[in-house]
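Consider the two complexes below, in which subunit A is the common component and subunit B and subunit C are the respective partners.
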Partner chain A sequence: MSVIAPNFKFSEFVKSILDNVFWILLIFVLIGLPAVFIILFYIEMPVINGELLTPFLALTWLADPSRTLPILKAFMTTDLFKIAAFPGFGFAALIAAGTIFIERKMLAKLQLRVGPFYCGKFEGILQLMGDGLKLLSKEIIIPAKADKPIFWAAPIIFVATAAAFVALIPVAPGWVVADVDVGLLAVFAIIGFFPIITILSAWSSNSKFPFIGGIRALHQMVSFEIPLILSLLGVVILTGTLNLSEIVASQSNFPWIIFLPIGAIIFFITILAELERIPFDLPEAESEIVAGWLTEFSGMIYGLVQLGTYLKLYAFAALFVVLFLGGWSGPMIWPPFPEEIITDGIVMGPITAKIPGLPVFSQEMLNGVLWFVLKTVGVIFFILLPRGVFPRIRIDMLLSLGWYKLIGLAFVNIFIALGLLYAGVLGPGGIL
Partner chain B sequence: MADAIFLALSVITIGSAIAALELRSLIYGSIALMGTLGGIAGFFLLLDSPFVAMFQLAVYVGSIAVLILFTVMLVKRELIFKKVEDKRRKFVGIALMLVFMVALGSIIMNSGIKTITTDEPAVDFRNIGADFLTYYWPALILMALILTGSVTGALILARREDVENEQRTD
Partner chain C sequence: MNNELPPGLALQKVDERIMTLNVGPQHPGSGHMRIIVQIDGDYIVACDPDPGYVHRGEEKMAEYRNYITNIPHLERPVIHDSCNILYPYVLGVEELLGIEVPERAKYIRVIASELNRCVYTMYWLAIYGIFLGHSTMFMWPAGDRELLIDLLEKMTGARVTHAHFVPGGIRNDLPPNFEDVCLRQVNYFEKRIKEYAAIFYDNPILIARTANTGVLSRQDAIRLGTTGSVLRASGVDYDLRKKEPYDVYDELDVHSNVMNEGDSYARSKIPWLDMLESCNIIRQALQKMPKSGSVRVKLKPNPKGKGFDSVYKRVESGRGSLGCYIVSDGKPEPYRLKLSVGSFRNLIALPYLLKGEKLGNMPAVYWSLNYWPVEADR
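On to the complex of A and B.
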């Protein structure tokens, strides 16, 4: 039928899947379940409501629908859920995946192409899944003279650093993985790791194109970190705090972009440079140095670097939203949860299902997440847009932009913030 | 718990410091140096001063280690290293280190560190900023002047008249 697999038979495909299911079930029953019970025998189980939580009881609760929601809600308050799923890695990876698809499709439309089109029936909507499967199944080729430990470790550390950045972003009131007092300083500290990882991975692949790309990335990131840090000081001066949640809470009336537009513009330009996006994509300039510091990566190593890059993009866009656009604050547009479901339960003809534990999320939280995601997607759109429009600039233009113009403008921004503070307009004890 | 973390951090810090000195590969040596500097940031976190810890990470790991890596990658190692190693130098080095450790240790032990109570709340970083701008302002100005002087000096030293304006068109 198809050219790729000439001996493909659907019946044999189904049979192989059923075979695998059978063996997995058999091995799980014979080895897995006894192992689980042996482990449970040694673990001290907690006492809940005066009852010892045996595995049997736990399974009963999980199967009982009226008990499932409270267990789910209890799980959602744990650190594991926050790190892995909602404000942390899973949520950010979902937005990152969406960003990749939107970027390809939108750029294609901008440049009068069709973009991903055939994968999936509608507008290539399954292209991303196909790409992911391709990357997962591809062979990872390591250059013969590469420095193997660093070459293997660099993509993983890259994703880990991006995830650490994501962990600092507050998504809704109280929904943040790491609510630290010095959140903005932690952001600066984490941003400082990216050039190290880049240059180490570039050096370790022992090839000239990655090395040139890595050196360019180092120049670019290190020189744009300074205006990035300086442009955010205005917000810190006006709010008097470094905690990101408090910075968002201070913008309940108006976002800081109204008073500090210069700082916002500088921060946006430095975001573009830190993310190595066009017009600052010198480290990956594909017409000059193949793919820059990514040249030697293949298979899932490349996939990890791409994932880290887009996690970083989400984190920077979210930081822009948190600092300048007011984070989760916005008018309440999410409808309230219907009261009668909480009091009477769901009535379907003769059956009435009372579900304790509703609502799962509060209205404020859902509204906050909605506004946060809307603003973040808007900022991501503006980060993607130059790629379809602008050419790449030269490295001397890049460095002079970073060192002369942006740093100067950042100081102008700081003086505007100080002026607003000392004139008594804003800040602690101001009139607004 | 804190003791276990302290021990682990000490092992990481001292171990990577020794590795930074002893490793033959310069790149791995500088990575080990990053481990040392990061371990010191961990000590600051254990001491309830995240402000200093974050600056330690941002400045030492984020900037100084990058500069060291950059230099190591761009300079041929034969030019900066001549392998002179004999037993006498090694023993003298170890003896010198011991003398320094004893001297520093005695200074720290006599500085009244034993009388510090450990249950006090952590110092707010706003107080640090306020102190810098009020009581310690001469030190701040002096540091700023030294930094400006060194940056200007570096710019003048790095300037090369012969290659300037060669490729620039604008």
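On to the complex of A and C.
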């Protein structure tokens, strides 16, 4: 097996850290501690076990680890945790990383290859980390006549927009970063942002192939936005709300895909087009226009665009689950918590950790998250699958599909929804 | 507009609507050449192929080497089809020197050249797949090609550059038990490539993309001088294995595949049908081949032609008619050697086919011409 860094020795790595320990401590004391104090001065302090969280209390983990447990629990209820870790960015990035791994391995199996194999002990599971490190270490080349501020800003705005999309997705009851009443409208607004970013980045790189790719992306996204919005109207008609959490709650008995299969199919096809996946990857068609609007991107700028693309893929798949597959609802398969955790606490050596009732992660919440992740991964699998089966289609075929066939089918779907509503089968006051 | 300047350097009128794209030589969809494409919106208004980036002067090099040492470097233009590109040269030298080849060697040559045709076509098909964005169609032929490469390695000792055909027969006899292995591998290979129909040739998106694009009519195909699969896709039944049988092709039952559409789909399907036909030919040749006997006529060292003489031989290669014109002046080296290759003749049709097409059709039409840039440049 080839050695990636032949001169690397772990002992020398540790030694180099110990050599610098003086400087690390100095920086921690001079910069880190004041920074913690300043942050805690501005942030509203939670009250934990009757005492205010002060910087000294926050640093008590150095002396007594058991005192940090309530702090962690308090942290989990904050908005910062929701945005950065669980239903927000961290969770989505984890699923996106898993998606890349699944895509590469699944495609390899389909094409009678092995796929990533050497990086990491098990089946090349660390390949993504290696690729990310490679992208980080590469030089970022900017074309001489590019519009530099926009060229730099476009990938960052792309990731930020994709993350904003992720923030609207409810993962479990009460677990959503932004629980907006007009959630679906906010989704449409964010989807409308992507073509602008694409055309800005394509135009700012001042090159022919990105320009053609950007124009193609603009055509594709704009013409598929209309069937996308129309295909979701059926769900809105039946539920009578735009709030995504309430849409999920309305599907506790049966998912809407049973009654609105046409809408689900249209939405799935438009997802493929919005995500520029094969067979709709015209904006990145390599044999025609090199890499489309990504041609001039290099290094971590390209890495950011890839991150944004996979975050977007997760968000669209999750939106499909929320709207048509019933979100977190499913049979209770998560085992109940043992009694002793709830009442007595866990004995860990000299420390007894008491977690009364586990209010943060309840059984219902964990079960909901499990079902949500299972369904989302299933949808992602079906989004990835056409890449191994279909060739790329042409722009005129794409536009005729979007404007003629899908919009017509979307109206059929709306009429089905209206029929179900007025026949009194579904909707407010329906039989089911 | 100055017509004497090379393409790309000629002055052109600036038009606000027309954008000029240099597709290649550093472009994933060009190969070792450049296509200067002028587009108006999504439509191609003019196209100017610019080959010559991999010109190696094979014909001039051949004038300084004798008839035997020419063999390894003449196959370099198409290393995937090295038996077929050597075939006309070897046939020509045999006629110049007046050598009669043993019967068994003729059959082995036919088997080797058919295997090589399949190896080349699989490589071509893999690239056609990835040009259309079908990555599975890139991996499958690239993997299944190994079957035949292993077979050719057993037969000739080298995986791609075989240098197997020599004037007077072939270099080495077959290894023991080769016939059984060959039959088994070829049968499996045939079963595999029949599966490609389900994922590629019957795929509705592929048919919608390639059908009725880049249509070459029967008259135009003849007028432009195209050969091989391009000519046969336009409805002209012209296969040199049937029309001018060389070696033992007249004793074998060769079926030539013809389609009348003349579009990219037909041009991409004919090589696949040819591979199935090659499997039939190999099976027939294995059956009719003499089981023992000499495979090579001993030649004098440094053979010479008899005085001033010239010969032109051609064979059906993976890319169409492949001719070799040799002029001898009685010395051990050829006085002049000229390769007339199918790739270059098919490339001539490209500007006519791409005019008025959409930009998205460019890879589909370009690579359906069964064209190999290195062979065209020689």
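Keep in mind that, in the parts below, the second predicted complex is superposed on the first by the 356 of 432 C-alpha atoms of A that agree within 3 Å, B and C clash if a C-alpha of one lies under 4 Å from a C-alpha of the other, contacts with A are read in each partner's own complex, and residues count from 1 in each chain.
In the analysis below, contacts are C-beta pairs under 8 Å (C-beta built on N, C-alpha and C of every residue); 3 or more make two chains touch, one makes a residue touch a chain.
Quick caveat, the model's predicted, so the values are computed rather than measured.
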Kindly classify A:D396 by the partners it touches after superposition: subunit B alone (first), subunit C alone (second), both, or neither? both
Touched partner set for A:V182, first subunit B, second subunit C, both or neither: first
Go through the superposed model and pick first if A:P143 touches only subunit B, second if only subunit C, both, or neither. neither
For A:F193, using the defined touch cut-off, is the partner it touches subunit B, subunit C, both, or neither? Pick first, second, both or neither. first
Where does A:G330 make contact in the superposed view: on subunit B (first), on subunit C (second), on both, or on neither? neither
Looking at A:G132, would you say it contacts subunit B, subunit C, both, or neither? Reply first, second, both or neither. neither
Taking the stated contact definition, name every residue in subunit A that is touched by subunit B in one complex and by subunit C in the other, in rising order. 396-397
Okay, in this complex, where on subunit A does subunit B touch? 147, 150, 180-182, 185-186, 188-189, 191-193, 195-196, 199-200, 203, 215, 218, 222, 225, 240, 242, 396-397
Counting only contacts in the complex, subunit B reaches subunit A at residues 27, 31, 34, 50-51, 54-55, 57-58, 61-63, 65-66, 69-70, 73, 125-126, 167-168, 170
List the residues on subunit A that touch subunit C in their complex, please. 107, 110-113, 208-209, 212, 278-279, 281-282, 285-290, 387-397
The subunit C residues in contact with subunit A across the complex are 19, 21, 27-29, 42, 129-140, 143, 199, 203, 205-206, 208-209, 358-363
